[in-house]
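Shared chain: chain A. Partners: chain B in the first complex, chain C in the second.
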Partner chain A sequence: MNVINGGYPIDEIRKDFPILSEQVHGKPLVYLDNGASAHKPSTVIEQIKRTYETGYANVHRGVHHLSQIATDAMENARRKTQDLLNAADEKEIIFVRGATEGINLVASSWGRANLKEGDEIILSVLEHHSNIVPWQIVAEQTGAIVKVVPIGDDGTFLMEDYKKLLSDRTKMVAVTHVSNALGTVVPVTDVIRLAHEQGAVVLLDGCQAVPHISVDVQALDVDFYVFSGHKLYGPSGIGILYGKEALLELMPPYQGGGEMIDRVTFEKTTYAELPFKFEAGTPHIAGIIALGSAIDYVTGIGFDAITAHEHDLLEYATERLQSMNTIDILGTAPEKAAILSFNIEDVHPHDVGTILDHSGIAVRTGHHCAQPVMDRFDVAATVRASFGLYNTHDEVDALIEGVRKVQEIFA
Partner chain B sequence: MSTDLRDLYQEIILDHSRKPHNSGHLDEATCEAQGNNPLCGDRISVYVKLDGDRIQDAMFEARGCAISVASASMMTDMIKGMTVDDAKAAHARFLELITDDDPPQLADDDQLAALIGVRDFPTRIKCATLPWQTFSAALDGGADEVTTE
Partner chain C sequence: MYICQRNTFENLATNKLSRITEMEKRGCIDWPGKADYIRRMSGSADIDATTQEIVDEFSFFDDWMQRYEYIIELGKNLDGLPDHKKDEAHKVPGCQSQVWFYAMQSNGRIRFEADSDAMIVRGLIALLLRVYSDRTPDEIIGTPPEFFEVLELGSHLSGSRANGLHAMVTRIHAYANAFKDGLPDDTVAPEALS
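Then we have the complex of A and B:
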């Protein structure tokens, strides 16, 4: 659907998501855990069904009709992803299981081929564990050193500290585009430019960016970009690694197997061309095709409209929470996207989560796989409300009502 | 508040979580152990002072939710003065009470009764059991950190 004139078509959008009419503990579902995983529109659900019912077989192998249909559909999804990210070439789009696998692929393949003792990898305090641990593993294997950019009290990425960490020893800068725990938007254009001035390569974790804002990998000039399909209203088990062709060409394979080979003998095996060199084994065929449908869905609404709608929700929710007593919002950077992390004084987030759940409100409570962020603010956990394109102001009101109820119980 | 929510957050639970009994480090502890719930980052240390096979004193330090803190508070109240065998039996009975499909009958004055509401909150059972698991590990030597996962 296209947003042409007038308001955001929220009623039509909500009808596209069957799960939104479910009840939880007898209350209408208020789903504010989109940062963990988003729900799927009917077009995505139907596409999975249609693939298995009419267009499924293994890809890139058979000469038979169904194999050709499945292969075409999968490659069509690759082109949709290319368009979504504005990648220069479709072979720069690698299908992986999720962002985690994408980062592991780069850390393992690029890292082991390019890092040596004393080289430096720069991360930030904002990182999800999946953009920390793979680098720690490759650092241990190669003797490289991990350096960490600190964040300010409001959760901003501290650019001056980043500049001080950068040097000709810096070989990789791997940072998040949008923080999953705080919602901070990292000034990635400057991060990338400064890294390139030192000859370093940049990987961005785009999990919390791609569902909310328009991403152009060529305009950013980013070297690697990863995201997960399930946060973009697509299936779980499918993710994307974008890499510049010149870099991917020079990288050794990550996993060996079928699909990724050119010719195998026991004396020597030659590898397939991009992107197949990095796609060993039978992929998540139906998932990839359905991710294409998810991309159609979000681009149909348009990122201008989605970003504006979610920004509006975030501002409204922030204002309402700020006006309440005993609420501590974590992450108040000027540039934020779709995520609101907070704590209620003297109440543990798990207790908040349980009480909200009983009002049908789904939020994430815990450390959000970002323990360094929790340590930075000296908390064990937070409550995180994360918005998606289908959330409403009424749902923000329900959240506020739920928070009031928690305060009453723990008063 | 809905009934089951009130069952979980009974006044006695809230009281224990606000003002936990036996909270702090026990300098004369003869055994101790650490517990960790990696899913939520909650941590607890349980300290036990044994005199022969009798638990003379027990304390804990915790960073956790109302359920885990209340459970630790009530547990330490309960086990003080017990023999090791009786305390282990209490642990086993507590597990049965909140996890068994067919839980044993409770006496009205049973000190474990307050936490039975957690039965209806499967995602929170580990919060209630972590203090007991950690206590049990302390008795067994406490070499490895207890984890809920």
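Then we have the complex of A and C:
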């Protein structure tokens, strides 16, 4: 047991992730790039293997034994996802390739059916490009207009500006739950309530929220919610779109193909029921089943414990970085989750990342696919340390030591 | 006059101009490309010798920090480009940091100028220019960047999107091919490469 963390079983948790005992450039791996993608516990890795070894066939098609097993396992994962998000019904959970596809699905299907010239889509400066570009595309196709909520100097979502942008022209509000570049937690309960007062629909990008905090889509009353499996310690290539049943029912299919049909003739095709209407083609079967294992893993630890542990790490890392010279921290909002963006004065983030890499420390450097955030702070890039449930205070110390080394080399 | 095969010559002593003396002693008075070779040898080291020099230099360092300190030193000393030349048209795509490249041919040799906003990348540029700048298109095309692998900079050429090394070498070779194919000497626009 780690004394600093009280009862958090960090040593046991770390043993669950085989990759954490790898060495990088001859040094123990310090993995602080969880915001880009998180590592997988043995249970997830084993599940992928087990599926292919003992329970694999195509789903929802065969009457044979293996097809039934695979179908049951996949639908079981859907129910686990439903529980994770506290969705009202399992058919509100759509399996997609990733959060990006989830947003594109809504922008394309809901957007083209519901947006017309002069309608407004509200985004925020905090958005990942995946929650900007799909809306720009649908705006171009429909004549709708994209409006952007600004952020404060500390990276907070500016609620008063948001209120001013809202009107009866607002049809969609698509914002992030937690900023991937700065870690800002957006006050989504208020965002959703205010949007609904104007009759607008809300989509939340939950990629950086779901791995760190407990999410309840019914309590939020959110209309669409997306996240990616690989950031939640699950496989890559699998993501989740949650949508309220009433909205999904009215939406046209996003892609056509097998699995999403009811009856096909050349005169007229009728579509399958939810969720299959939106799941054309053979899905990432093993990935979906393993995502279920990832959900089991995180809920087994519990979000209260995960959130508290990561909050500790963030506070500790922030405090230590703030005590150093020539460090600029970007994003100091009062409410943040697990992400620490910073720059070392006069050193390019890419150079910082290269030197840290040689110390065995993995961080992300770059614009984090959030160029509007970079523009807001007038920087080209930042160094981003993002924490996961398996990181430790010792790893924060290693990061600080690595930053010192960078300062020394570039002095 | 006794004409030697170029490759016979290349396989002999390695010491630049002294090689020629040795060749002449052996009665090998002339061979294809002798004039060009003498010109090159009288100036900077030839391209293979230069890559070997760099490999030798890096072999003196005991650890990665020294290697990087050296790279950073090279980066600081790189002439680079004036701000007005750091434009979109000359940016090398595929790099995480910003990199700009210019190429100009005169007397059959290509001179490169380049810069980056990241210091380590500037250092890599300094090494690349030392090897590839002021060379003929054939020399450039005939020198793949494998020598970088032995410098132990933690960058694998195949997957070095991160430091843009692959993108920069691709750009250098593209210029060499374009000039060889008759791109006018004073052309510097990268769109001519596509």
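Heads up, the rule we're going with is that the second predicted complex is superposed on the first by the 405 of 411 C-alpha atoms of A that agree within 3 Å, B and C clash if a C-alpha of one lies under 4 Å from a C-alpha of the other, contacts with A are read in each partner's own complex, and residues count from 1 in each chain.
We take it that a contact is a pair of C-beta atoms (placed from the backbone, for glycine too) under 8 Å apart; a residue touches a chain by one contact, two chains touch by 3 or more.
Note that the structure is a prediction, hence the values are computed from the model and not measured.
In this superposed model built on chain A, chain B and chain C take up the same space, so to speak, and clash. Contacts of A:M374 after superposition on the shared chain: chain B is touched, whereas chain C is not.
By the touch criterion defined above, A:E46 reaches neither chain B nor chain C.
Of the two partner chains placed by superposition, chain B and chain C are both touched by A:F410. Contact with neither chain B nor chain C is seen for A:E90 once the two complexes are overlaid on the shared chain. In the superposed pair of complexes, A:G366 makes contact with chain B and with chain C alike. Overlaid on A, the two complexes show chain B and chain C touching the same residues of chain A, namely 25, 347-348, 350-351, 354-355, 358, 365-366, 380-381, 405, 409-410.
Chain B contributes residues 1-2, 4-5, 8-9, 14, 18, 39-43, 63-67, 121, 123-124, 127 to its touches with chain A in the complex. Those residues of chain A that touch chain B in the shared complex are 25, 346-351, 354-355, 358, 365-367, 371, 374, 380-381, 405, 409-410. Across the complex, chain A is touched by residues 64-65, 68-69, 72, 96-98, 117-121, 154, 162-163 of chain C.
Here chain A touches chain C in the complex through residues 25, 347-348, 350-351, 353-355, 357-358, 365-366, 380-381, 405, 409-410, going by the rule given at the top.
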